[in-house]
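Letters are used for the chains, namely A, B, C and D, taken in the order the chains are written, and counting of residues starts over at 1 for each.
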């Protein structure tokens, strides 16, 4: 799992690449402070080819902590396999999900 | 394994895609008559991610039959893994190997 | 339990492949990718093309979940633990079974309310939704979770 | 044979993963990709980055070759044949063993002259060149080809 950051319209987009799963999820939070601080972010999942329930739990945990502190997290670019995980668990109700990370950053900036 | 053909400078370029191995090699010869008739061809291996000794044997068999009948076969775009197989078996001595399929077709046409 | 065993006997499947892997989360991806490849090959023979991707992902994800559960719920005293995986089939149905020597558990656990932001507890829910049928058995100190899906 | 067994005993390795697959060439790619994934994980822990790709390809290809040999040289009378694969390690050395119930064979076979366009006979030559060491043993009616390479 590799983690990259870029700024777009003042919002940090964190791109994850690889499998977000039980083996990699514990390390993800340490790899980017943007995932754990209070600022609103977009997580670009276009590079994530596999997500399991531990990976989902990691995203849910990020959302909970951000929102407790007044921030937010938006998700972008989920492939079919990832959408399936969100649909079955109804986690889609917890997230605003976008097809495009920069568009998601734009809507976050306007808010 | 998928097999595609195109013409370039009058020479047929046969592109192979997938694993050329013990499971797929027997079917390859039936998938394109250009591989078995007498005309000179270029085989583009850029889409082949894995080659084993049965796949190599298949290419050697094509070369032998073509040359017995006055034709030839050139190979193009072997990745590191494929080159390793050719080097260990010394099959590189049997083939003209090019980095570019269209360039290989050009040299075949001039001959 | 008795009932489970009877049900199992009604499901005579031919086991064609088995694996034994270390009970270490780093092997979960090897297990799940292998399951996906087996499902690909199986559905390539007897499956309908458009459902094939969904079929393969179901095995990839279900094995990832079951394997992770085996690793994370292992009894701490045991060393050199292994997780066993076996693939069986009957007509167009593929079954994968994941076995371990962990304590007995209740496979019918429900997912907690999503709006309370649960970070765990999705695994068995996913497995039940992805598969056509899921069977749990406890025998000789081993858990076995058998997951079946039709490729047709 | 005696000599082989002695050599084997000088190589005490810890077997951490085993597989049993159908003796069917369509499973060769599952076996070889699994071997590649095991090698990736193993060399990611103890290997040097630049040699890693070569190390992983060696296991991918060697297992493909050994598996194909097991399938294509099976005794015709046996049904429900399986090919067994086991992974073992010791320090930075990874060993994969491929076993079958085929007739005994000579693992030292040489490749025929390339200029005579041989279409077969490259498998064991490739294995010997890709690996640091290769051991053959025949025991209880089973062939075992053990292939060892150092990730360092």
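The working rule: a contact is a pair of C-beta atoms (placed from the backbone, for glycine too) under 8 Å apart; a residue touches a chain by one contact, two chains touch by 3 or more.
Quantities reported herein were computed from a predicted structural model and do not represent experimental measurements.
If you take chain B and chain D together, no chain is in touch with both.
Any chain that touches chain B and also touches chain C is listed here: D.
Averaging Cα coordinates per chain places chain A and chain B 45 Å apart. A separation of 42 Å divides the Cα centre of chain A from that of chain D. In terms of their C-alpha centroids, the spacing between chain A and chain C amounts to 27 Å.
The multi-chain contact residues of chain A, meaning those touching 2 or more other chains, do not exist; every residue touches at most one other chain. Counting partner chains per residue, chain D shows two or more touched chains at residues 26, 29. Contact annotation for chain pairs lists A-C, B-D, C-D, with touch applied as defined. Chain D meets chain B in the complex at residues 25-26, 28-29, 32, 53-54, 57, 60-61, 64-65, 68, 71-72, 111, 114-115, 117-120, 122-123, 125-126, 129-130.
On chain C, the positions that touch chain D within their shared complex are 16-22, 26-27, 29-30, 33-34, 37-38, 41. Residues 19, 21-23, 50, 52-54, 56-58, 60-61, 63-64, 80-81, 84-85, 88-91, 93-94 of chain B touch chain D in their complex.
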